[in-house]
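Look at the two complexes coming up: chain A is in both, with chain B in one and chain C in the other.
Showing the complex of A and B:
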């Protein structure tokens, strides 16, 4: 098995950064996210390859929080997302569905995606908040990763290339990898789970569910769940003007706030918190499933951990499932 | 805590049986000890779900805004800071006092359920001990200032040491250092507006940040627009912030929002005071910056 020495990880990242922009999970000040290795500052940043998840999801790399329209903000050259977890890899797959399929092709997204190499890190110790295997991701087998690294403790990282892109990357760094026989850790068991089967069908007549009322009550419609979700991808078009100059740009948008559904004539179909709350879950569990055949959730657990009001998507899904069909 | 839970349940049952309230706001346990969430009980049958433990940190007075247009009579449980939030809403005429039945609980400091949830998740590298929440360490008013019924004896304030120590530290920086400091902390803002949503003092029906025509504050996530957002938010809070600390608690990127709020609390008190927002309810009273007094400083004119 090809093994990468743990002690050399920083110089290895330096090596990768020679040919590409490398994004790694870091603690930067009070924030954790994927940041470019080129901006790593020993005094302020901590490399966190052993953390399961970072708050700011990698969607911020694939879709920038704001970008001028008609201008290609993509940096030239390859980019590597290093140490991304299975749930977030799956999130990128779902973004691909949105931006690359069904004749809705995002030009800049496509360009960005084609030159992105995913070096995923297998999760052998998932957290109690994780439920990715219920949402179609396998914690140790990130489906569309180009390279998978397995943290095997003191022995280092087992390096496994999974795609032509990954093989090409492996060739360029072959002299960094040693050859060792390693007994792989056991496949983990996730303590949390939820059965999505039947939820989609149940939601086809969604409007009567009492849970929208019950669950939206504590919700402050604060949008922490949206901004930290690796799959939420709504964006808004805005203009920045100054005298006779200006430009249009797109930025993240959230269904938790009223302006998203504001229409001409100031009419707004989602004025109450309940309707906005319902829309978020329907988009994830029903509208998206209808269009792409899978739910827009990867079980990363960010929203369940960060929700200030303690709302839990697993409980919402379970409740929808258990709700009796009216006769 | 068990006695307080029992007492709250007892009061809620009585209120429903005597038909004094239509809804009772408290907390509900949804899993592990730290998994509590705000709960709206609507009948005596729901009362058994109510709990009160050291993770009931949420400010329930914010939830009153969901009822401001109705006529429901509301019972709710408040801690010291939350009760100041109620005074805030009463002063702003957002809700009528007659509609409220306030059950006060003197607070001994709460633990942060978010910190506990993070501990049990993949977001923390190491397990940390869950102590009293950071926001509670600055508490000057643990006892409810307005209530119909009080449960348990009053508690001393939790604040140890000087109140505005950190604010003074920032004040003593040079202008450049200070700018750098705020640029650093505000550049991380992802503009999720969670601080606005959980704030009880943010009771405007249409928020300046949601206005599209004209658009007052840009939506780009850069230092300029982030600073604009935070300056506008903070100055709207001047004389209104009741120091419940919810904004800082919910911030997913840990911006020290209470530091900015405290600076304004200090300044309002120095310039227009003595003034402390929401400390007592006097009918018709207005916050310091909502009224004019001839003695108000006007050196800037």
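Showing the complex of A and C:
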């Protein structure tokens, strides 16, 4: 097995950064997220390859929070997302569904995606909030990753290339990899789970469940669940002028805020927090499934951990299922 | 949609507007103006539009709005009838002839004109709601032999708020086998026409539901009661067409705000049969 030495990880990242922009999980100030290795500052940043879910999901790399449209602002060269977890790899697959299939594929997104190499890190010690295997991701086998690294303790990282892109990357860094026989760790058991099967068929009959009322009541519509969700992809378009030129920008948007669906004459089809809350969950669990055949949730657990009101998507799904069962 | 191979800007850069020039502006009512546009270099139109389709009209740096477009084959300009209701439209009402604005589209499915052929048409509109229907009405008159009897019922708050007066009172009533009824909400000294709300007038007129299709557009409250009246008059859910409004930004079903259920209004709508709406959450 090809093994990468843990002690050399920083110089290894330096080597990768020679050919590509490498994004690694770091703690920066109070925030954790994927930041470019080129901006790593020893005094202020901490490299956190062991962290499970950074707060800021890697969708920030695929869809910038704020970008000018119609212009190709891409920097040349490949981009590597190093240490991305299985749930986030799956989230990028779901973003691909939105921006690369059906009508009007996003040209900017496509270019970004084509030059992005995903070096995923297998999760052998999932967090208590994780439920990715219920939502179709496998914690140690990220489906569309180009390379998977397995943390095997003191022995280092087992390097496993899984795609042509990954093989090409492996060739360029072959002299960094040693050859060792490793006993692979056991496949983890996730403590949380939810049986998603059949939920959205049920939602059709229960779109006015009392649970929307109950769960949305503590919701403060702060939208932390949206900004930290690796799959939430709604965006806003804004126009600005600079000198004598006009530009369109796109930026993140959230369905938790009232203006999202506010129309002229102050009419708003989703004016109550309850309606926006319901739309968010139905979008994730039902509407997206109807359009793209899979739910828009990867089980990363960020929204559950970060929600100040303690709203838990697993409980919402479970309750929908319970409502169906005869008493 | 009839014209699949339309020429538009959506292939390369779907969200970048084409620059067009405003060649004429007409005051329709105190708060509705019609803007006539064509390509900024004078070379015709940025794209072709089917009846009921919309375009995104943008005025930098204020913003963009989804506006229903009126255009017919052979015309060298597109018309947008726009009511002054908010920030962007307010600013738009201040521009002058010759100003350049942005345009992208066409978006949406448009009216099912082919499915309506051979049927009696009942158009019911209130206020600015006549603007989207107007392109369909014009289409019917252009292909007059394809459609049966045409009934147009239009209502507005007052006499001054009646838009497209010339067409309502002079042009359309002269068309063969066509009846036009106009009503205003409250009586006025110089008005000798009908006074009353659209749904009540509709029940009074009671156009036969036999082989007919009703097309409804107007303020939400009017739509709500017109739909009830139509049901009472025997129109089935397959005989009623309406066009919806939601807040839209991208126009191509990506930005995720104009959804009602799993339908994106900008992509799958804005025109729906009532039957389709019955399956969706009651947000429309």
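By definition in this document, the second predicted complex is superposed on the first by the 316 of 327 C-alpha atoms of A that agree within 3 Å, B and C clash if a C-alpha of one lies under 4 Å from a C-alpha of the other, contacts with A are read in each partner's own complex, and residues count from 1 in each chain.
Note that contacts are C-beta pairs under 8 Å (C-beta built on N, C-alpha and C of every residue); 3 or more make two chains touch, one makes a residue touch a chain.
Because the structure is a prediction, the values reported are computed rather than measured.
J.: Applying the document's definition of touching, compare chain B and chain C: which contacts more of chain A?
T.: Touching more residues of chain A than the other partner does is B.
J.: A:56 contacts which: chain B (first), chain C (second), both, neither?
T.: So A:56 only meets chain B here.
J.: May I ask you to decide whether A:258 touches chain B, chain C, both, or neither, giving the answer as first, second, both or neither?
T.: The answer is first: A:258 touches chain B but not chain C.
J.: Once the structures are superposed on A, label A:240 by its partner contacts, choosing first (chain B), second (chain C), both or neither.
T.: Both chain B and chain C are touched by A:240.
J.: Does chain B (first) or chain C (second) touch A:187, or do both, or does neither?
T.: neither
J.: Look at A:267 in the shared chain and tell me whether it touches chain B only, chain C only, both, or neither; answer first, second, both or neither.
T.: A:267 contacts chain C only, not chain B.
J.: Should A:168 be classified as contacting the first partner (chain B), the second (chain C), both, or neither?
T.: After superposition on chain A, A:168 lies in contact with neither partner.
J.: If I apply the document's touch criterion, which positions on chain A are contacted by chain B in one structure and by chain C in the other?
T.: 236, 238-240, 262
J.: Which residues of chain A touch chain B once you look at their complex with the stated criterion?
T.: 28-32, 48, 50-56, 65-66, 85, 126-130, 217-218, 220-224, 226-228, 236, 238-240, 249, 251-252, 254, 256-259, 262, 273, 301-302, 304-306, 308-312, 315
J.: State the interface residues of chain C toward chain A in the complex, per the touch definition above.
T.: Listed in rising order, the residues of chain C that touch chain A are 10, 12-17, 58, 60-64, 85-86, 89, 102, 220, 245-247, 249-250, 252-262, 267, 281, 283-284.
J.: Which of the residues in chain A end up touching chain C in this complex?
T.: Per the stated touch rule, the residues are 69-70, 98-99, 102-104, 106-107, 207, 233-241, 246, 248, 250, 253, 255, 260-265, 267, 269-270, 275, 279, 282-283, 286-288, 290-291.
J.: Touching chain A in the complex: which residues of chain B?
T.: Answer in residue numbers: 30-31, 35-40, 58, 62-63, 66, 113-114, 117-118, 120-125, 184-185, 188, 190-194, 197-198, 210, 212, 215, 218-222, 246, 249-250, 252-255.
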